[in-house]
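We call the chains A, B and C, going by the order they appear; numbering starts again at 1 in every chain.
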């Protein structure tokens, strides 16, 4: 039987020991009216070779296009050692490290991960990860409201240049708790400093912005950080962790730095994988640590005085605090954090910096090459490693034409940013060669010249 | 015993040497001339500088400090630590799936979408529900989606007064935490001496304020809730809905359908019942299924099928949805692993899951009863797990459930869940799963019996356990009082 | 056995109250409560000036395995909190009735003190709980 080791003799011996004649009797406490005999609609089992053939044929249909899409997930090279190590059974098939003595590998790795995220962001404390970037942002909003609970402030100012899907997910998650996200308008693809409310003090719990923004632009983070501090608002920074090898870390923004930083961990060695699993990171100032959601690992000593690692501050969590917990989250994205920690160790600060800089340089080359075509212009500069390209005709048709030519050219911004007119968001990571960029440019020229899109 | 375990491993930071690194792994150039100097990082992040071989040795050695399913029996109650077939991992990581950007054209994702579409249908079939959304990324997010759908349903009917969620006192802590996140208040109801819900207390608790009830069946006490239909009738008559926490679905797979019990919404932990990896704490997946009246509220996106092509259904098709719970579409790679697992087992193989999980639990329970252990619910059949209470042993010898758990580590077994459910003092919640052989169960029973003898003859020895692990008992109080949450370079 | 000093008033939620000369009331948790929680690692106290009704959660005491709300035994305004607990939460364990006090409040209704449990009644509560 697949994955079940029992021989017929084993089964008979075990039933006899219990004093039963059949396996059916094990279910005699289920009322007869509720008993099911298998289920319709599920095919018969197949063997491993057949499963391999099936999945190979399915996988062969996918992921063939040349990728110039970013928008929150990025096509980076992942060194072979990352997943060779992360997929080891001792990491892959362990669970949350409740029994610390039997889980030092996972615990020490998470402590190293927390240390690396603090180093990258310039913050003091990190948790062991959340589900993804969008939920990390939602949890950051909840954290900011909890930190303000005595003052009762439940509204958060959010830049319109912060990922639209992050804002939607956060709204889904905070909806039940009467928390309001108030959108701040943009000018030139960046938060409009003149639109910051003069009376923010006392009204809002936090200001949230993304750097680089969803549109690839760079905010004046020092000035915005100082403004938030002057108004008594917490500052939530959403940052691509890879970009922080090049850009100023949120802990150093302005005089005081951000209070909470979070984002999508996928750029750190996690495959695109059709959308997940990824992981969300969240880091903060030490004074906010008790408002932090999720698992946290601390270093301590054992009874013999030897250093060791354990889950700590668990009284924040649902298994102890129940309805008063900081979040309902139980797990982290442990396996993804394992990969990310190995990835950061392999690349080091210099490797991350070179990768991030190469992404910026490639996107700059892509943007310049495409903007040389008639009907294409770069919307905003400077940008980090994504660029908004405004078109002189409907974006959806242009993207469809490029898709037919085997190019995933970017994201149509029409639904989220209609004020930009026809526009797409494109990205060239370090994996895109000059030849790839030429393929994109030639295909775009062809699509624009053709009668497909008018 | 695990004498081969390495004792300790320095932090990766402590192995760093300036200028070492692994330059073959990154592009050659690091210039970024187009960026404003004022927005740049001034000092490189304090990440380790180590060679690739150092990284490989370090993380290999760290992995060896873990107990895992691949190395140890792991009877952690309520977690379903069964074998994770290697082929599921291999096939979910085929290049076509792995390299595909989630926002790439739909034409470029027909393979993965076909798998997800079929997975939605198979999950509906094995739970008796109408429709599924695969987007929740863990059980807790599935719970959130479930309660949010219940609240959206009441709101859609103009019923704004229903803001109370009922949970049994034996419930997992996530249930009340979830209700709070959804803006609900929580009312706990008691469990009777046999582990069933106290029906008079339930009748007294329901009313026009009742949004719904969150239940696990079999419950966290390791027994089947026999009067579940009466529970469903009481809650439905009061205008509330029933939420099924799928934590224990492994116990009834193919033997009973939650849909037939009267549940309106369910989440399934694919990392338990469908054997996707626990990964040291995730990623999980908490797919949610609903009956017809909650279908419009399912979280997005969902895979649909039209004219032989698969496509994502979003806000345009499902305007009443509670919304999105992830940036893209949940833990896709985990969903693929569950899909492969279900196809390998098929209908017959999935039924055997519950059969042998239940056989193993009842057999081990029988062995322990014979060895003199006290069961929390001796009159009941075990589901796929059961509870031993060490209250008597504790009173007699001073030895605690924690001492016993640590002594098991010394004997080469991961410990069962301890101190949960909170209702049962000094408890061990034991879940062997169907993938363990009777020889392993016998060895585990003998180890527990030996520990029990030791508790009487030399309790001090148990209080010192574990002795063979990389570290011994850790100072939790110091960890919480003197927070050391990140390594920092010396100034 | 836990200690129940004669000169204090109690609640069934294991808080104690002491009437001070200036009419304010000092509040802490009992010896029984600190034993049940185990070694405290953190105490969250309200701000001076905060107002509570009787029965409101006004502080949190936290050990590694549990976190408990402390309920205001009587309504009033917080006039002082024990700032020493910020760095030394263990004082609640070592000296629950003295150095481990939590907060001092001005009662909205001084007569409410009379409604609280006498030491004998509180000992009764403890005896019933251990049955």
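The rule is short, and it goes like this: a contact is a pair of C-beta atoms (placed from the backbone, for glycine too) under 8 Å apart; a residue touches a chain by one contact, two chains touch by 3 or more.
As the structure is a prediction and not an experimental result, all values here were calculated from the model.
*Asks:* Taking the touch definition from the header, please name the shape of the chain graph: line, ring, star, complete or other.
*Replies:* Per interface graph, the chains form a complete graph.
*Asks:* A-C or B-C: which has the larger count of contacting C-beta pairs?
*Replies:* Looking at contacts between chains, A-C has the larger number.
*Asks:* In whole angstrom, what separates the CA-based centres of chain A and chain B?
*Replies:* Roughly 20 Å separates the two chain centres.
*Asks:* Can you compute the centre-to-centre distance for chain A and chain C, using the mean CA position of each chain? Integer Å is fine.
*Replies:* 44
*Asks:* Please tell me the distance, in whole Å, between the geometric centres of chain B and chain C computed from their C-alpha atoms.
*Replies:* Result: the chain centres lie 38 Å from each other.
*Asks:* Residues touching two or more other chains, restricted to chain A: which are they?
*Replies:* Only 312, 320-321, 324 qualify.
*Asks:* Going by the contact rule already set, what residues in chain B reach two or more other chains?
*Replies:* 476, 479-480
*Asks:* Would you pick out the residues of chain C that each touch at least 2 other chains?
*Replies:* Within chain C, the residues that touch at least two other chains are 41-42, 63-65.
*Asks:* Would you mind writing out the residues of chain A in touch with chain C in their complex?
*Replies:* The touching residues are 150, 290, 312, 314-316, 320-321, 324.
*Asks:* What residues of chain B sit close enough to touch chain C in their complex?
*Replies:* Residues 419, 476-477, 479-481 of chain B touch chain C in their complex.
*Asks:* Once bound in the complex, which stretches of chain C touch chain A?
*Replies:* For chain C paired with chain A, touching residues are 41-42, 44, 46-47, 50, 62-67, 69.
*Asks:* Quick one: in the complex, what on chain C touches chain B?
*Replies:* 39, 41-42, 63-65, 89-90
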